[in-house]
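Across the two complexes that follow, chain A remains constant while its partner is chain B and subsequently chain C.
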Partner chain A sequence: MFTELNELLDASPQRPETGKFTLLRDTRTDGSFLVHHFLSFYLRAGCKVCFVALLQSFSHYNIVAQKLGVSLTAAKERGQLVFLEGLKSCLDLLFGEEEKQSGQPSPLQFISESTSNLKALFDFVRTSLTPAGSDSWKGPVLLVDDLSVLLSLGATPVAVLDFIHYCRVTVCYQLKGNIVVLVHSNEDSEDEENELIVNSLCHHSDLILWVEGLATGFCKDVHGQIKIIRRASLELTAEQDLVQIYQYKIQDKNVTFFARGLSAAVL
Partner chain B sequence: MAAPFAVRRRRHREAPPERGGARRRTAASSGGAGSAMLEALVAGGAEGLVLVRDNAACEGRSLLRAFVTAAVQRAERVLVVLFDVPREQFEAGLSPSVKEQLLYRDGFTDPLGWSGPDPDLRAGDFGGLLAGGLPSGGAPDAGAGLTQLAAAAPAPPLPLPGPGGPAGGGPPAPDESFTLLPDGSLRSLGVPTPTPEEEDGRPPPSVARTPGSPRDSGGRAPSHPLTFRLQLSAAERAARAAVPPPYQLSTPKRSTLLRTPGTIVCALEPPEDEDPEDPDDDLDV
Partner chain C sequence: MAAAPAAGGAARGRGATSFQRKAAAGSRLAAVAGTRPSVRHGQLLLSSGLPSLDCVLGGGVAVGTLLLIEEDKYGLYSNLLFKYFLAEGVVCGHDLFVASAKEHPDNILKELPAPLLDDTYRNERGEEATAVKSEDFQDSMKIAWRYQNLPKVEASPTTSTKFGHYYDVSKTMSPELFQSIKWHSFYLPEELSLQPKMKTHNMNSAYSRLLQSIQRIIYQEGFDGSDPQKKLKNILRIGIQSLGSMLWGDDICSSDTPEYIHSLTKFLYVLRGLLRKSLSACIITVPAHLIQNKAIMERVTNLSDMVVGLESFIGSERETNPLYKDYHGLVHVQQIPRLNSLICDVSDTKDLAFRLKRKLFTIERLHLPPDLSDTVSRTSKQDLAESAKLLSSGCGAMAIGKKHLDF
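After this line comes the complex of A and B, so read on.
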């Protein structure tokens, strides 16, 4: 986890929040460093994490997590991490032998079957995060990387929104856990289905981290800008959403955040 | 049944924080009902479907709560159909007397029947609820997240009356401002009068906000406010108008110019101090 981001978000692994929906959104750049941050943050906080990883393999996340001081293999062995490797599951589903399919239904069975809903994926999330009697984890966390891949795999926007709705009901409200979801978006994109999902998720999010590439192009010292939007308008007494904008630079084991125009290279 | 009209909320450009934590908001209304649209709605003048449409930056649920509070105070029966938020979140902030009068149908927990065999309300049953299942007596308001309903399931077309649109074909009524009080009720502030800057078409002066506020309509992030003022105040504008332009000559000056035509006045400059050294001293002639 990145300590500077924790300070900006006023978050600490000793007191993780409950019932929050965090939306990670990236435009013209790759926001997956935030996924690594939240994965290591919640594992350090002692929460039970269900990670629906559709974009990269397990070893990729493991290597990055080790740089951040967390071992995903160890977390999986002690039962703290439930990892759905989407790349492997898709292949097993489409090219696997029939014996494997006679067991539990694959969470991604919507790809091969005619059912257009993501109920199987939701059932997987629910069974992973419903606390068993012997669990002593702090709170369930659902992490999805990323949601736009489900559209590419053939799910309809309505199905994806249904899945997110049920996850919100179960994880945020019933189990008092947190959800972190990554989506890609582009303001002038022609992918209307993706923009529909992003807009809908913005309505339900308590915190939006919007990562954008610089409008002027690539820069060696400033890799992009992050907009932190706290949806204070969802609460009764607050007035407006609080928006803070910072720039960041990704290093090998850390990400530094600074006010706009105050990169270390120009100071 | 009267044609439905829509109340659309738009954030007012200069929204100073009200005392007591209530914030000032603006609604735009179509239809020829005049400038007291919000007051009429709150007083129970709504017939048919009232659609509250909001955006992610300015949520509309608090307006819905205000309508619900007003309806309960008019002793009407109110049915709240929940699709977007759980009951605790919807009734947060409502007074206890209002809370106990509300009837609820829960379409939030399990609208598609995934979690159990007998959900309270399925998304597909919403049309039937509107058509015939409402409790009798009074004019119940069905507060709901209709956009969420449209996204939840491909339900059959609901029997809604008539297409939305301005009634009477007149121009849309101007935006109205309102504020929500801490007890959940609504107070209409009427049509906001445009400031002189807005009448001229220039953007209004940026209000100094606390760091981290969202962008104002000028597109400049108010977290870095200017240290100087770009717009003129009324007194300054009057003073500027009082100064005569240089091409407007006063009468004595004009007569002086006319009386002496073609005169060239040459004012010689005083001679410069000459350098005593001969600049050609180094020439070898």
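After this line comes the complex of A and C, so read on.
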């Protein structure tokens, strides 16, 4: 986890919040460093994490998490982390032998069937995050790396929104946990289905971290800007959303955040 | 907390999808020919066949990744890059898998460019250098004479020639080099007539056949480490030509609202899974300029690791533009992956152009010539402004801004 981001978000692993839906949104840049941050943050906080990793392999996240000080293999062994590797699961579904398929249905079975609802995926999330009784983890967390991939695999936008809605009800309200989801968006994008999902999720999230490139183009010292939007308008007091903008630079083991125009190269 | 990354793929068995960190064991590294480890992320890197493209991609094509080439308008230069990738595989001794719906893979492999061995390459560069020198001798520098003897600035990014080879486009590769190479082919018209109907998983039947074929080769030849007996590891280079075009049975290039809009993206997702769990790398050329629905190209870009777009000047007004007289087209690097790390190796030069000289194809930094005209005409000023707009839009590898700002 990045300590500077924790300070900006006023979050600490000792007291993780409950019932929050965080949306990670990136525009024309790669926001996956935030996924690594939240993964190591919640593992450090002692929460039970269900990570639906649709785009990269397990060892990719493992190697980056080790740089941030957390071991994913150890977390998996002690039952704190349930890792759904989308690529492996999809291969098992399409090329697996018949005996394997007679067991539990694959979470990604919507790919090969004509029904485009994500019920199997939701069942997987629910069974992995429901506390088993002997668990002593603090609170369940659902982490989804790249919801936009589900659209590429054939799910309709309504099915994706239904899935997120069911997850919110189960994880945020019933189990008092948190959800963190990464989506890609682009203001002048032609992918209307994706924009539909992103707009809908923006309205429902408690915290939006929006990562964009600099308006002036590529820079070696400042890799982009991050907008932190706290949705105070969702509270009953009906205040306005609080928007803060910072710039960041990604390094090998850390990401530094600073106020606009005050990067280390300038000072 | 000492969970070291899993060593080697031998004991893993089918179904283990992972990048395998090969940084520690030196003996395993030396076993695979034609590769070198990356300093950044510990993966093995392959050469794409074009050393200047390797530089742009951050050292080379990592094993387990997908290189997507957005074809130029007539497919000439993307075909060249495709052949370079395969030719590099032949020279390094890798296995090849060539899939095409247009040309028979046998014909593609017959037309690979011949490699330039070290001394012939030096002679080529020497010839060109002497040709240039004889022109320059007349105008030796009068004012900046101290700079006369300094070496000229290298326009193209250079790498050491041990990794990656140069190829002569005017000659074809001799058949002797093929003798030790194992290659597999997938020619769609033959495959459709051979096998009966198979399960398609809601995907275009041509794509699902191709996936079955790739998966069968990876499993049978042991590229996924499922066969612990195989000591000698080799790389499988997969090349798929013109994916998404109508010849593959896909209608995304011919209609605005295609029927099977998810076929190509599903194919790429499953292919990504297959690549990640095996010692292979893949090059795909896609006729992006024909795809009407731009949403599909955005999704395709998200699902690929490296995306390079080629834009040739043939038939456009830039062909006769004096600003671009040395070049044949532009190179747009749309995406570079971050593998096993938070950062990626992105090159500093964002404005790249390519040119096909008599024998060599190179990717170079785009230099605009200085505006030395005595009479400053309106048209030339406009051209410069247009090209300046092009330059500042940059590449999307790290992050690009929303709009062009005039400084």
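In the analysis below, the second predicted complex is superposed on the first by the 266 of 267 C-alpha atoms of A that agree within 3 Å, B and C clash if a C-alpha of one lies under 4 Å from a C-alpha of the other, contacts with A are read in each partner's own complex, and residues count from 1 in each chain.
We take it that contacts are C-beta pairs under 8 Å (C-beta built on N, C-alpha and C of every residue); 3 or more make two chains touch, one makes a residue touch a chain.
Note that this is a predicted model, so its numbers are computed, not measured.
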item: Side-by-side fit of chain B and chain C on chain A, or clash; value: fit
item: Partner chain in contact with A:265 - chain B first, chain C second, else both or neither; value: neither
item: First, second, both or neither for A:32, with chain B first and chain C second; value: second
item: Which superposed partner A:88 touches (first chain B, second chain C, both, neither); value: second
item: Vertex chain A, arms to chain B and chain C (CA centres, degrees, nearest 10); value: 110
item: Superposition-derived comparison: chain B or chain C, residues of chain A touched; value: C
item: Contacts of A:173 with chain B and chain C, given as first, second, both or neither; value: first
item: Partner chain(s) touched by A:245 [first = chain B, second = chain C, both, neither]; value: first
item: Minimum C-alpha spacing, chains overlaid - chain B and chain C, in Å; value: 15
item: Contact residues of chain A, present in both the chain B and the chain C interface; value: none
item: Residue ranges of chain B touching chain A (in the complex, touch as defined); value: 15, 17, 21, 23, 56-59, 62, 84, 86, 92-93, 108-112, 114-115, 147-148, 151-154, 182, 211-215, 221, 223
item: Chain C-facing residues of chain A, complex; value: 28-30, 32-33, 36, 55, 57-60, 62-64, 66-67, 69, 71-74, 85, 87-88, 90-92, 94-96, 111-114, 146, 148-149, 151-154, 184, 186-187, 189-194, 212-218, 220, 223-224, 250-253, 255
item: Residues of chain A touching chain B in the complex; value: 117, 119, 122-123, 157-158, 161-162, 165-166, 169-170, 173, 199-200, 202-204, 233-234, 236-237, 239-245
item: Sites on chain C touched by chain A in the complex; value: 1, 3, 5-6, 15-21, 41-42, 201-202, 211-212, 215, 262, 265-266, 268-270, 272-274, 276-277, 293-295, 298-299, 302-303, 338-343, 348, 350, 392-403, 405
